[in-house]
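Before any comments, here is the structure.
Chain IDs A, B, C and D follow the sequence of writing; residue 1 opens each chain.
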Amino acid sequence: MDEQLKSELGRQGVVATSLQELYNWGRKCSVWPLNFGLACCAIEMIAATMARYDLARFGAEVFRPSPRQADLMIVAGTVTKKMAPQVVRLYNQMAEPKYVISMGACAISGGPFKQGYNVLKGIDRYIPVDVYIPGCPPRPEALIDAFLLLQKMIDEQRLTGPNRPRHLNADLPSEFIVPEFGAHDLVPPQNPEVWKVPLVNISIAGKNESGRD
Amino acid sequence: MIGEGILKGLAETARNFFGSYVNKDRLTTVQFPEERLPQIEATRDFPFLVYDGTDWQQGLRCVSCQICEKECPPKCIYIEKSKDKKPDATGKPQSYPTTFNIDISVCMSCQICVEVCPFDAIKMDVAFELSTDDRFGGLLLNREQLAKSNEYYNKIHPTEAAAVDAAFAEERAKAEAKARQAAEAKAAAAAQTLTPGAGETTRVQ
Amino acid sequence: MSVLTEAPVDLTPSQSDDRTDSQLLEVSMGPQHPSTHGVFRMDVALDGERVVKLKPVFGYLHRNHEKIAETESYLGCMPYTDRLDYICSITNNWAYALAVEKLAGIQVPERAEYLRVITGELTRLQNHAGLVGFLMQDMGASGTPLMYAFREREKILDLFEALTGARMMCNYMRFGGCRVDAPAGWLQQAQKVIDAFPRFLDEFERLLVSNEILMARTQGVGVVSREQAVNAGISGPMARASGVNYDLRKVDKYGIYDRFSFRVPLGENGDVYDRYMLRVLEMRESVEILKQAMRDVPSGPIMDPNTKTRGFRPKAGEAYGRIEGPKGELGFYLISDGSSNPYRFRVRPPSLINLTLLEDMCLGQNVADIVIILGSVDIVLGEVDR
Amino acid sequence: MNLEEIKSEIEANVPGCSLEIIPNGSPSGQHSLLVDPDHAFAVAGFLRDAANLRLDYCSNVTGVDWPAKEVSTKVKTKKVVDGVEQEVDEVLKTQSGGYLEAVYHLFSVEQRQGPVVLRMRTEDRADRVHLPSLTPVWRSADYQEREIFDLFGIIFDGHPDLRRLLMWEGFEDHPMRRDYVDPDDYEYEPTAHDEVLKRAKEHLSAEGGL
């Protein structure tokens, strides 16, 4: 249905919509986050839910302490190697459709602590992430901005075809390997199903010795 | 009386509720995407590179001295120095960065790069709406994405930028005065000796 | 010599009641738990509702501050200290700056000392306000007190942002002074917030202090005696709630704290209620200090001219510097080998050491009390695990 | 009371202990007292209970790793060379380090004094890494000694519950030691330099390059 007709009908008091729009509207306006904070960013996440920023305006009113009732996992803070199995397990326990916002430098890449022996260099080594928010910590507004981006992404998804959401595609996995504690590191150190290293790489980006003085 | 304390507390919340209709202090919500908090001048988020003039490639203040790269605590800056030189704002020939990358997925916004930069070339931006779904491309900012004009800098940090501009103007005036003096001395010397040194003098500028 | 460690906990259920067939219930609280203030885990054994064993498990936020600092310059360590106790970044900066100043014998200019006191006490205010809000949240007062606290906290964060550029990770102090001077109008703005703060405290007290549920939940719960507290190294508000008169602002008189007149509130019972009230009273004292500091703040330089922050190389040696942080004694122990990065960088985390007595406080209490006892200790996991 | 007096006081009261004052070169002037591990427990108890000291508050406990290294110092010596006395530079090579250290910062709440710094050293860094635990004297050492055990690998004899504090059970290394090697996970380092670049390159060459 073309947009003009739809707005014309809207003026006449007739709401016309497609199943896809209705479905996506329902999904995007009731994203309940998991009540789950890891570090510094969690304080800004709490600040975003408080009166001044009020994340509840976007349908994220209720922070659920149980992963079974949550749709969105905001990984707010440093994921340490000791914590990573729990994070993955929580993700696995969430019911589809589920989304992940990786909030702050630490959750994206390990951030300032990435050289630490107990710090995971980004949660996307184990679980798929939908939206990344850079910042250390991101302002509460940045979290709201990311949330709006997530809503937009949900809204644009088509329910059929090869790019349909994961929960409508029975072939795609919904649970991922939970890493185990090894003698020196997590086993496995990353999940190759999720973590695809791009071609941007040290051999290209790293210093060529001649250019250095 | 039992329950008195609870009633007192409830009275307080009621006061707050009704007060929110009349008192701006009690209604603090900012409807974020539509309305924003007033921009605080000192706010910092991620670094950017300042350029003078209109062409970012010509006007970049950075001379790739690599101090920020070395001092950056989480090591998120990566610079490659040019082999040739080009004149900077004061006319001195300087190197420039052929590559300048900042990985904002690592940056901790500590602004130590700004603090150590002797050329006022790197400053802190206030943009925070950088969320993306592109983990690798979207968070690695290159030279072009980092370059922002001096006007922009003046807009976001007016006081600080004015001080920087004043210092630059002073430096430039000094350099000009020095150049003028040198030129005068040279002209006087040339007039005295009458040797054909024209080719020499044009090169000194 | 007395050996003060506890006798091993008897894991068989108590025989006093008739339920001889009952079994202990082992519960793992956390690391993902809404009221553990982060990723903290407790392995609890319960006999019915009663706690018979509680073993804290740490390390879920162990971010290797101490190891990373060994590869950073002295200046580069400063932003990392922000992220230790991420609610009070300024006092962390202060403790680290103080330790480096001791290590290298640096004098701090007058104005910088005043700015340190002002920002440090503002930090204490927002920490204590936030803590009370979180404690009420743990107690089931879902939202409301926390909203009040955060409303006030936002005002202080705005001040921090106007001064340092960031809301939480201020990275404000440097060894030898402060990074930036207060911009024009900042002190007046701060004065307004400080003047309005007692009104908020009154409101907060009316909201909570005489609440019967709060008293019933907190009085006589989680008692720590004075001797226990000293021996277990408890510091800060938690120690003072048990009657230990030890406030480093009075004892060490670091900075310029000898110039201000303020009282040190002390508790009598050492229970959760005392710890809560102590924070409320401390906020009032902090406001007093702030008023005096705002009145006296001089003009002048804010950095010691003889100190260069970049390429800083102190002589070989070591120093332990400590301040009264909002959570307790925050200390930094630095060893220098004469190079540009610290040889050893140790944080004395008040949150971790205040947890030493967690099991003693919880034994025999109900399971619901664990949460408020933990809340009253005031921990931040970034500092517990570092 | 300065450290000299404390030292003589301890020596008078704890027979057989050997103490050494380690000077501190920094302006902080916090010199420390090296205690031999065999008598450390008795010394600690004395410091806590002695009426004029009352160091009842053990604030900070930490470990320090001093790997063995050779320190060469130049010394001017007089030597007779070819019948003439001359001043000759001679390089003296001394072994230093090669042990782990536990450092205790003690204060007195009652008398408001401190810090008194106690140090204990292990015999080496490999297997003779036992020190007596002072947790029975100061309970505040409880978690901190566990942390040292975890990160440095000092074994505190007499600690009531010596387990790893921060890392998981089953972790084998002691990461705060200076010769600890990080696990290799450097797939993506767009802004690598120095140490990181080196390790990232090692990672790449191990994978066969790109």
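Going forward, a contact is a pair of C-beta atoms (placed from the backbone, for glycine too) under 8 Å apart; a residue touches a chain by one contact, two chains touch by 3 or more.
The shown structure was predicted, so the numbers you read here are calculated from the model rather than taken from an experiment.
Chains that touch both chain B and chain D: A, C. With steps allowed only between chains in touch, the distance from chain C over to chain D comes to 1.
A simple rule picks the central chain: find each chain's mean C-alpha point, then take the one closest to the mean of all protein C-alpha atoms, which gives C. Two chain pairs, B-C and A-B, are weighed by contacting C-beta pairs, with A-B ahead. Across the assembly, the mean Cα position most removed from that of chain B is the one of D. For the pair chain B and chain C, the distance between mean C-alpha positions equals 34 Å. The centroid of the Cα atoms in chain A and the matching centroid in chain C are 31 Å apart. Chain D has its Cα centroid 43 Å from the Cα centroid of chain A.
For chain D, the set of residues that touch two or more other chains comprises 166-168, 175, 188, 190-193, 196. Counting partners per residue, chain A has 51-52, 82, 109, 112-113, 115, 117-118, 136, 139, 198, 200, 205, 207 as the residues that reach two or more other chains.
Residue numbers of chain B whose C-beta contacts span two or more other chains: 28, 73, 75, 78, 101, 103, 106, 108-109, 136, 140.
If each chain is drawn as a node and touching chains are joined, the picture has every node linked to every other.
Residues 31-34, 38-39, 59-64, 67-68, 71, 79-80, 83, 86-87, 146-147, 150-151, 153-154, 167-169, 381-382, 385 of chain C are the ones that touch chain A when the two sit in their complex. Of all residues in chain C, only 1, 3-6, 58-59, 62, 64, 66-67, 70-71, 102-105, 228, 230-235, 244, 246, 251, 314-322, 329, 331, 333, 335-336, 344, 346, 348, 352-353, 355-357, 385 touch chain D in the complex they form. Residues 2-6, 8-9, 11-13, 16, 28, 40-44, 67, 71-73, 108-112, 115-116, 124, 159 of chain B are the ones touching chain C in the complex. Contacts from chain D toward chain B in the complex involve residues 188, 190-194, 196. Chain A makes touch with chain C in their complex at residues 35-40, 42-44, 46-47, 50-52, 65, 77-78, 80, 82-83, 86, 90, 112-113, 115-119, 136-137, 139.
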